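Here the chain labels run A, B, C and D in written order, and each chain numbers its own residues starting at 1.
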Amino acid sequence: NAVLPIEYHEQRIMEDVTGAQLIAEALKAQKVEYMFGIVGVPVIEVAMAAQASGIKYVGMHNEQAACYAASAVGYLTGRPVIVIGGSSDQKQETTGAFQEFPQVEACRLYSKFSARPSSLDMISSVVEKVYMFDQFFPIYFVREVPCCPPPPVSMADHMAITEALAVLKGAKRPLLIIGKGAAHGRAEGALRELVEGCGLPFLPTPMGKGVLPDDHPNCVAAARSRALLQSDVVVLLGARLNWILHFGLPPRFDPHVKVIQVDLCAEEMGNNVQPAAALLGDVNAIVKQLLEYVHKDGWKYPADTEWWTTLKEKMAANATMTKALALQSTTPMNYYQVFHHISQLLPHDCVIVSEGANTMDIGRTMLNNYLPRHRQGMPPHTQVKGQIHQVSCTFSLYKLPVVIIVVNNNGIYSGVDSETWEMMGKMGDLTTVAPPVTLLPEARYDEVMNAFGGRGFLVRTEEELRSALQLSLSDWERPSLLNVLIDPSSDRKQQEFPWLTRSNL
Amino acid sequence: NAVLPIEYHEQRIMEDVTGAQLIAEALKAQKVEYMFGIVGVPVIEVAMAAQASGIKYVGMHNEQAACYAASAVGYLTGRPVIVIGGSSDQKQETTGAFQEFPQVEACRLYSKFSARPSSLDMISSVVEKVYMFDQFFPIYFVREVPCCPPPPVSMADHMAITEALAVLKGAKRPLLIIGKGAAHGRAEGALRELVEGCGLPFLPTPMGKGVLPDDHPNCVAAARSRALLQSDVVVLLGARLNWILHFGLPPRFDPHVKVIQVDLCAEEMGNNVQPAAALLGDVNAIVKQLLEYVHKDGWKYPADTEWWTTLKEKMAANATMTKALALQSTTPMNYYQVFHHISQLLPHDCVIVSEGANTMDIGRTMLNNYLPRHRQGMPPHTQVKGQIHQVSCTFSLYKLPVVIIVVNNNGIYSGVDSETWEMMGKMGDLTTVAPPVTLLPEARYDEVMNAFGGRGFLVRTEEELRSALQLSLSDWERPSLLNVLIDPSSDRKQQEFPWLTRSNL
Amino acid sequence: NAVLPIEYHEQRIMEDVTGAQLIAEALKAQKVEYMFGIVGVPVIEVAMAAQASGIKYVGMHNEQAACYAASAVGYLTGRPVIVIGGSSDQKQETTGAFQEFPQVEACRLYSKFSARPSSLDMISSVVEKVYMFDQFFPIYFVREVPCCPPPPVSMADHMAITEALAVLKGAKRPLLIIGKGAAHGRAEGALRELVEGCGLPFLPTPMGKGVLPDDHPNCVAAARSRALLQSDVVVLLGARLNWILHFGLPPRFDPHVKVIQVDLCAEEMGNNVQPAAALLGDVNAIVKQLLEYVHKDGWKYPADTEWWTTLKEKMAANATMTKALALQSTTPMNYYQVFHHISQLLPHDCVIVSEGANTMDIGRTMLNNYLPRHRQGMPPHTQVKGQIHQVSCTFSLYKLPVVIIVVNNNGIYSGVDSETWEMMGKMGDLTTVAPPVTLLPEARYDEVMNAFGGRGFLVRTEEELRSALQLSLSDWERPSLLNVLIDPSSDRKQQEFPWLTRSNL
Amino acid sequence: NAVLPIEYHEQRIMEDVTGAQLIAEALKAQKVEYMFGIVGVPVIEVAMAAQASGIKYVGMHNEQAACYAASAVGYLTGRPVIVIGGSSDQKQETTGAFQEFPQVEACRLYSKFSARPSSLDMISSVVEKVYMFDQFFPIYFVREVPCCPPPPVSMADHMAITEALAVLKGAKRPLLIIGKGAAHGRAEGALRELVEGCGLPFLPTPMGKGVLPDDHPNCVAAARSRALLQSDVVVLLGARLNWILHFGLPPRFDPHVKVIQVDLCAEEMGNNVQPAAALLGDVNAIVKQLLEYVHKDGWKYPADTEWWTTLKEKMAANATMTKALALQSTTPMNYYQVFHHISQLLPHDCVIVSEGANTMDIGRTMLNNYLPRHRQGMPPHTQVKGQIHQVSCTFSLYKLPVVIIVVNNNGIYSGVDSETWEMMGKMGDLTTVAPPVTLLPEARYDEVMNAFGGRGFLVRTEEELRSALQLSLSDWERPSLLNVLIDPSSDRKQQEFPWLTRSNL
């Protein structure tokens, strides 16, 4: 809840408090632990006051990166992200002041709540006047800001639960889809009980991975397209029928699929597909309500259905195909080889962050998550390769326990090898002849990490990959970066439906 | 839910369908019954198509008034208001086209959802092409739009209910505040059971009036200020601690008051005052949850407390003061006389709409509501007197069963009598000497009604008032207007706290 | 220039000055003469302070109407319109305060400049503190705000003038189009010299009417469509190629037409059609520049060209057709009869305001303007009939010298007669059977004017029209309204191109 | 002019043209030479089509950097920057599509013009239909888009010129301020004539540097504060009285200073200070108008005034102080030493780009510009150090002739040395103990450049600096980076008024 509840509490002397301190204290009172930022003239004092209040300050290299970092913390802790920006003095508005801009207005489209705190302003303007007139200004009431309580939880009403269960029990080919909302709602316990108790197949969305482990026997991620297409009853558990789930429409879904929608947000109900049952409320609370009913009659979806057979066959077939690619043992490596070895070495409790179309798509199927909220995405189309400098620098500065693995294909989507690149250079101005997707071949991202005191590895072979990764994972004193050179022409295996294809509405 | 759920359904021939018809059919499919508007070049066809689809069309005189009318229907039916606006052709954007404007963007701040329907656009552009190329264009799939289901209902979780009841049972001076959310949620049955079963005093907000009848013995509206100020536990039932309830803060509330907040909207929780218990969900469902628990132990707030004594004494004192004003029998009349007679004659099942500071304030206390959702407000600061022409004209045109009572004090807040006005006219240019609050003395609003075929009455005495009102109420064939001339200096009785006073934050 | 220049000037005692007074004084210092508004709780003091400062205050009935009135004054005086709105206290933002809304942001799309005056805020907050702390608060520097000078004038550069004249001199079928910018720039003297000196035909846009008199021998308004279509060189003088001029494109313009664009605004250059010459600057200054060059060589467009013959023949033909309609002498009258008599009786120095599709279209051709800036439009699609109450009331209140002529066809675009209306009433619910364009037949708008002390006339015949209009024009002590009942099926004569037709891009 | 003028021209076959090609061709027709971007799913085709049309494509690492690069080109060429963004399909709006967002609306506050090209949309949707229906779709009219002409130029009117000269000739202490507008208007020739012909002192703003050479004898930049404070007549030549010029107000300006304002933009006139004369129009054209008048009477400001004496004394004193710092010859170096050697070695025709508070402030005074438009700023508060990766990578990829000099003080504003840093690390978590302004000491930015095939130098001494810079300047085959380690506590010499100080309004 971004609106801070405010209460009159007690009085305090104002003379020795600055606006920056008041901001810092207000944040601390809200139990904020981390601040990410870039200091400069109008905000440097805020960062210092935050540190003085016991908030950890992490200096970043641009505002976008700071927001990504903060939203990662927000996802892990379930708390909203607050963006604090400097601005010109209110009294200088319309005068062409330094950084004059309607910040509150500009944030409207991007945020749930956007305001300029007039109460802090008032306080700081009073303080300012005290100094200005050099007279005694005894006391001033400041509103103490207690920490806001956790957001209230709501449940679905009984009728809707009954309807939903009637639909589910009538399903021939049921499918649970576990989304980010389930992770956010910490529904892992209840969901495990539902999945295992009722014997239902489930599919995680990218951000729902790990709520139940990816290697759970009921997880049908390896038959994703088939499961979506043929299911007759889909239960959306904090997942949404947007582009990630192909809008819930043909040709990716059965046109007659029945949807049971479990969501916190009333406005989401019926988007794109009208649900057969709409369960409004907290995912965890609602799964518990479902369990309560199911426990009464002990309903269970049979294990010996055609649906399970179909799904298992498809999963096996996909596994075989993936394995073949992963075991090719060529040099330069392909994506599947790389992910195969990474998946074998990664500890189960690590947080996995991925970006880049191929890396994300292949990684999603080959890198298992075992724990909830241990997977992070990044906003689409941020080029990770372009961010290596700043993450290397920040991670090294604060000695953060991070391993960066660059699956380096010399390009975006795909690149070229060094000889081709050299040849291109001879053909003319590279701005004219180099395909927009190419990057410098064999760029030494590992050296960038070294430049800031981290540990960089140049990796060309499977052996080098295993050894570098093991070394990195055994020493968390500083960050590591593996620059894994792969075949620039390596690609995903052929898909029935490519992931990012525009839907055929 | 403003986002229309969409489903592939069946095919139809497109040649003979226009965009206006598709809009009309889509609205009809959503069970829209009324359209209010002003026709003009880009929207005239939409109104005609709507009528052809069986939607009732009411022509208005300006857009603002059309929105008020639609939102009144929305309040009575519990359905969102949809605003449809014309615009220039998309292909003429940036060319200086007729009525070119970014309408979707301009509506962002004022609406829950704002969009330009690209799918209807597509359809109409295909139709257009058919005619353009004069060739057979056989069939086209149109998405049938079934009516969206009622919004899903959610309940509070059990823990929050328990907490709320613990707080309520510990109250010495409890107060239920019944707000618009209770009316919207149709919680009247459950609330009556709670109020009567537990013996609790209640106070309606302006839009909560009538959920329980204003003459219910537990209604403490006549001691409003006292009740707010001294209560130690307030239960907000779809009411919000905004300016209407003085932000829930001193000096209008006890600084230590505990708040139990029942609301549909998580973002509302803790605004201005942090609640002791937050019950998120549908007001009706949550009151039923509370009742379930209360029924178990039969808890009841005692009838013989000091709190009830205080409230009843204050109510009696206020009633005496009001009665004295109402029975003055002077001519010209004062506000209290006028409302006294109106309240005696109005049928219990009429819908009361009021506007104007004094009229609203005094009317709120003197005109009882007996049924839920039978009171309407109007947006603040629309001058009703300035709207008389358009409502007279519209009501007469459609022969609507409405009685308009103008409590005419010759001004806004207060006016002057005819002699004073004439004297002012002699003092100089009226734009310079007439106070901004004055209007033309004894303006003949009744004649305006006559001009459009309705029935106007000029009323100066109590007898004329009773007779004109009885006549109006006995014949609903056409609208009536009572132009009740009162003492221009008539005012409210002295208030402890004036209603609109800025809070003393 | 909406940004007020600010200067340190002298000191003054703050104790006895309110924010409203500071606003009033700031407006007065800017030589503001009129304020239009609706008073209510947050702005009543501003209106009173304005009157106290000598500003004339005109009370209106809604905000829209107040803005129209102010923009009319703005057009006549060449000064920008300032909209002042109340708002909740800054310190109550985000609390659900009365009329809390981001006003500055909401005005962004509608205004050139939008701000919340932080300096006045500061002042008033200091004043407020003085009272709050009840102590002596000696002196405070207030910025005196001198009246801003008239906006600076710029001229075209010499090269562009030369180019423009080369194009113009090469024209076979030249046409000057005189727009609102010429009226705004007070270019009437220079333009008369150009038109008469060079013997050029001209066409006014609706808001350019009267810059040169409509009965000027070189005015070709009566051959508008022909002139636009066949001209080979068009000189835009403060006129723009938007929908009013059909975007300057075929089929309404020659595809090879050369455009000489004279405009104050660089961003307007080349919109829709790339100009052969672009003259950036003040219309008056640039016409003078053109004259300077033309005077040197005495260039003149010949009077005996085929172009003049074409235009004059077309004008004569159109005049004959109009005259035939105007002299029909039937009862009920048609539009042309009504405008024929009005045009004969109107004094040459009256300001003409018109609205309503037919009224505007026919009035534009039949009612001549003889003086610059004596014609006003109204924003499209405001239904004048719906505004009669408020204008009657306001005009009567302030005894303004206005004659309102309602050309009453019982509808919008077209209505029905009383018998048809009655028949419809019997066919069922009027919201279902009455066409959206119909209004109450023979509504007595004249009685509405009477209700507020003005003078209303019901007019059915040519004689009644002449007599009522002569009476109205001979007594300016109070406003008059002529309710002229015409044949509900009266329409415009057939047009080659209907005015409002969507362009055929 | 961002609005592309459009003309019907000739027909072409549509079958083989894509939307991306149409965009590319439209850009090429507008003589666009460079495109900067990041490719990804929805825009990759646009980059490829642009290259195919002969536009140079430079791949960047984030959108912000791409915009900076484009705006640098815009500044050098005098043409507006166009931002092209991908978006979800219009028909997928409101469905939760990939990258669904109201882009046009979001850009409103940041751009002069913002639109979604409906005409290209139309074209591409027709193409799409061709494939969809698999039938012959013969021809389609496409509007050819000729290149828009250069923006028209306007001049001041004669009266304003006369007024301005009267004020200037009356000046005791005149000062010309040459701003970005003069650079943009290419006014260098005329300005040199004015400065030298009339013997006037001038001061460039940061972006006005080089319009006249910084070593011109009339340049008083070395006495900036004095010149601003004591001048009685300031001529603003495309410069604005915003924060850069301290709002033109005390204590940085004489409260009685008279301002002659020369600006392209009417809305800028009178901002903060009301001008004594306002010359609206193109800076170059207006300076020529001034010259025309001055030539007539041969007016000249005397060379032997007290004003020139004051300015020259102050300049000499400042030069002495700067020289003392520059010649300290310590290791580690200070800012002044570094800039001293750089200024000696830089060729006069290089483009200088600077960022970082100290670097910018000291560089502005110590690095001379000799040619117009050879200085570039960067938007405030972008941390250059954080961008080194991406510029190194981009510059290396395209082998651009750039020398990057990092004046490395281990921090933002100021850092710490390696020992202090190590000590801090032992004191606890660096997020808590490291000041927000510190960066990793002695970070190897030079190694980052090496990692991408450029040439990095680690520089600690004056000798190393000279040698590395000479090497870099003698070989333009690849970019170089000098990582110049300076004393982390090095700072600017004491200022009378610090540059970024908030003005004392």
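Here is the rule we use: a contact is a pair of C-beta atoms (placed from the backbone, for glycine too) under 8 Å apart; a residue touches a chain by one contact, two chains touch by 3 or more.
Remember, it's a predicted structure, so these values are computed and weren't measured experimentally.
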Neighbouring chains common to chain B and chain C, by label: A, D
A-D or C-D - the one linked by more C-beta pairs in contact: A-D
Distance between chain centroids, defined by C-alpha means - chain A, chain C (Å): 55
Distance from chain D to chain C - Cα centre to Cα centre, in angstrom: 42
Centre-of-Cα separation between chain D and chain A, whole angstrom: 36
For chain D, residues that touch 2 or more chains besides their own: 3, 91, 102, 105, 108-109, 113, 271-272
Interfacial residue positions of chain B with respect to chain A in the complex: 1, 3, 5-8, 108-109, 112-113, 146, 148-149, 151-157, 159-160, 249-250, 255, 266-267, 269-274, 278-282, 285
Residues of chain B touching chain D in the complex: 3, 90-91, 93-94, 102, 104-105, 108, 113, 115-116, 118-119, 121-122, 125
Chain B to chain C touching residues, read off their complex: 34, 37-41, 44, 47-48, 51, 54, 56-62, 64, 88-89, 91-92, 95-102, 105-106, 109-110, 240-243, 247, 271-272, 357, 380-383, 385-390, 393, 396-399, 412-413, 425, 429-432, 434-440, 443-448, 450-453, 500, 502-503, 505
